[in-house]
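Letters A, B and C mark the chains in the order given here, with residues in each chain numbered from 1 onward.
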Amino acid sequence: MATALRQSAKYSLLGRLAPFVVPASFPSGNAIGRTALPYLMSNQRHSSSGTKMKVDLDSSTGIAVMRFQSPPVNSLSLDFLTEFAINMEKLELDKSCRGLILTSAVPKIFSAGLDIMEMYGKSPEHCGEFWKAVQEMWLKLYGSNMVAIAAVNGSSPAGGCLMALSCDYRIMAENPRYGIGLNETQLGIVAPFWFKDTMVNTVGHRTTELALELGLLYSTPDALRIGLVDQLVPEDKVVSTAMETMTKWFAIPDHARQITKSMMRKPTIDKMVSNRESDIKNFVSFITRDSIQKSLRMYMESLRKRKA
Amino acid sequence: MATALRQSAKYSLLGRLAPFVVPASFPSGNAIGRTALPYLMSNQRHSSSGTKMKVDLDSSTGIAVMRFQSPPVNSLSLDFLTEFAINMEKLELDKSCRGLILTSAVPKIFSAGLDIMEMYGKSPEHCGEFWKAVQEMWLKLYGSNMVAIAAVNGSSPAGGCLMALSCDYRIMAENPRYGIGLNETQLGIVAPFWFKDTMVNTVGHRTTELALELGLLYSTPDALRIGLVDQLVPEDKVVSTAMETMTKWFAIPDHARQITKSMMRKPTIDKMVSNRESDIKNFVSFITRDSIQKSLRMYMESLRKRKA
Amino acid sequence: MATALRQSAKYSLLGRLAPFVVPASFPSGNAIGRTALPYLMSNQRHSSSGTKMKVDLDSSTGIAVMRFQSPPVNSLSLDFLTEFAINMEKLELDKSCRGLILTSAVPKIFSAGLDIMEMYGKSPEHCGEFWKAVQEMWLKLYGSNMVAIAAVNGSSPAGGCLMALSCDYRIMAENPRYGIGLNETQLGIVAPFWFKDTMVNTVGHRTTELALELGLLYSTPDALRIGLVDQLVPEDKVVSTAMETMTKWFAIPDHARQITKSMMRKPTIDKMVSNRESDIKNFVSFITRDSIQKSLRMYMESLRKRKA
């Protein structure tokens, strides 16, 4: 595994690799300078449970399963995103971990996306910090050296859809009540350019244009048809299918797969990294406007009414 | 509505908006500095009829219908394009207009594309002026803040196809005798890079390569299959379906939809704007060559024979 | 035909043509400065047979058929690539040749791709020379002024798939035992960025990402479904269908088709040309590593065992 590579890469893990340009220590496999994390040394199965998610790594298979457990809807709050980033860093550095499965422990929902409470009535400083954490989540996931498979066992709007899109492969439960899509415009807000780029890379320009302008949330058959997800399976088979799929990915030598993944995703990652500060500034300036705050309030009220 | 935005934007209306970068007056909704156009102030239905097209705006619905009425084939002559640009500017500035439907009042044809008479036997100056008007048409339509829907109720080759491609959504009459496509190479001429970019954004790179190299004119089922149009309906339902479709688009807050549209189309618009002068120069130098003039003459003769 | 154009173009034949920018001698058709090749002057059918391939040009139809005859698997050795480049140059300069059909005279295989023997146990200098020849093959084929049709009458992995992808149209034999794809990662090596770009231009970003990361070799129905090939026909009809297809392409004026082809492919060609030296350097540095040499040895041993 590319240990030295992983350590040197702060966010854009894959972003630094040009095809055929392999850092000196890459293929030798020596874990020079690597510090094994204590919790991973005792036995084959390791479990780490924070407030927002639970991570199980089986060193014998090389697969980690991350289960989101932040009811009611696995909102991407600042706490959630921070815990996610710490877990990603640990796994990325762990030599025994080659693959990651993202799934939900909360019924009916994968993740409802960005937590509106982090954007509503908050200071510009807070909004900026929050947005930086959203960027970090994407950089860590879209640029991961691990094989990342989304086991989408519930609805997955907005930021939840982005998490799924940032994986290498998407398996969704075939449940007619589940939806997936970047539906931000329905709330009066706008998906940023790197959400858009990630979706264009997955389903193409025209489908993305239509989906984003209309804030479309796709049913599972439609999501499969447009390529937003790769496979539909019965709900109780989502994680096990992800496990089986992982073996196909593990059959490919890691270094060749990682360089190839970097080659495909590097331009998109580089573009975001070089616009990171202006993206934060734009988000803060947009989200703190009175009119946008009003849209968010109206949306939250409509959610409350729907519940009652 | 984005009034100040619209006024400041000369051609690339959407081209100026970065995601989240919203001009100061944008969300406030104040129509500062806006001058209402006289013909739009009397009542809810406004009609403006020029030589080449008829525009009906229903202020109660926010939908304008523009009907091309330049027989025999709604050719995009310099007069047509100039009238189109003036109408677009008026509607773009009109606060009561949110959506535009383009359709034809001439049976069997949406638009046959660029008027060959503006390119055949004309001075370089005239050809340059003509080409600038073609660019202007595309900039105004592809970058419009309005929801633009093409109600394609007839054949739509070359420049006619470009007009449809520049809208947000395309509904076509399912008539086996109608065709649509960028078929320029069949005439021995070449679609410029921004025609190509608009088609690539709609149907992807490979389909565009094949279509442009072979000058393919697609039947309506094929146009639907490759994504060149979004929907086929019986001929007498084209405009009414466009009306119904508009309500789905109007359900999305204008500012969020407009910023999203800009994000999707800005790179393509910017590229054209920054190459605008060289594109005119290249067109003039190409079209005034003896061999190309000869191709145009042969094509016109073949049209004349087909008629007789 | 674009004689002067062809002569001045060393590798990036189409890469030099901007849309509408046509060299002075282009449409006049005068073969100024062109030297007819002796072997092409005697009669209508010309045949040239080297060690690795046989070329038949029928001047009456304008179609050249190039048959690879390098058993057992038409590997792209340095000798093969050199002979290919010489043949391409001759045909490109030959006024009577408008179209090229690539096919195989070896049963069951179109081409197995790059010859591993040119990369295994060889000096950095040799590897560099070999890689330059691979680049040259792609530049000549992807940028050809001729209509190039791949008549894929056998399996076509890795570099063999690249050759097919670099043509204008792909017809494959519908044989359940044949496969096609850029499967480099299965060997522990990595397809370079311009292999990737060529595939993205054909089947889009997402399909390419999945195909390259997993080193997928597609069955013929799957290849058709994702657009990796354009048409499946019975094995004995592959070349005759290519002949018939050529007539559709010849119906389009050459200059318009060539400028259009250039417009579609120039950005991809330019990107490779401007990174050519670093691409060679990266390849040599990658392929000469101990770990990669070991992967190649293991792969060759597995091939040997499969045979026995």
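As a convention for this text, contacts are C-beta pairs under 8 Å (C-beta built on N, C-alpha and C of every residue); 3 or more make two chains touch, one makes a residue touch a chain.
This one's a predicted model, so the numbers in the text were calculated from it and none came from an experiment.
*Asks:* I'd like the angle of the rotation relating subunit A and subunit C after CA superposition, in degrees, nearest 5.
*Replies:* 120
*Asks:* Please tell me whether the contact surfaces of subunit B and subunit C are same or different in residue numbering, using the over-half criterion.
*Replies:* Under half of the interface numbering overlaps between copies: different.
*Asks:* Please work out the Cα centroid separation of subunit B and subunit C, and write it as a whole number of Å.
*Replies:* Going by mean C-alpha positions, subunit B sits 38 Å from subunit C.
*Asks:* Send over the residues of subunit A in touch with two or more other chains.
*Replies:* 204
*Asks:* Using the touch definition up top, name the residues of subunit B that touch subunit A in the complex.
*Replies:* Residues 18-22, 27-29, 168-169, 200-204, 227, 230, 248-249, 252-253, 255-257, 259-261, 263-265 of subunit B touch subunit A in their complex.
*Asks:* Can you name the residues of subunit A that touch subunit B in the complex?
*Replies:* Contact set of subunit A toward subunit B: 184-193, 196, 204-206, 208-210, 212-215, 279, 282-283, 285-286, 289-292, 295.
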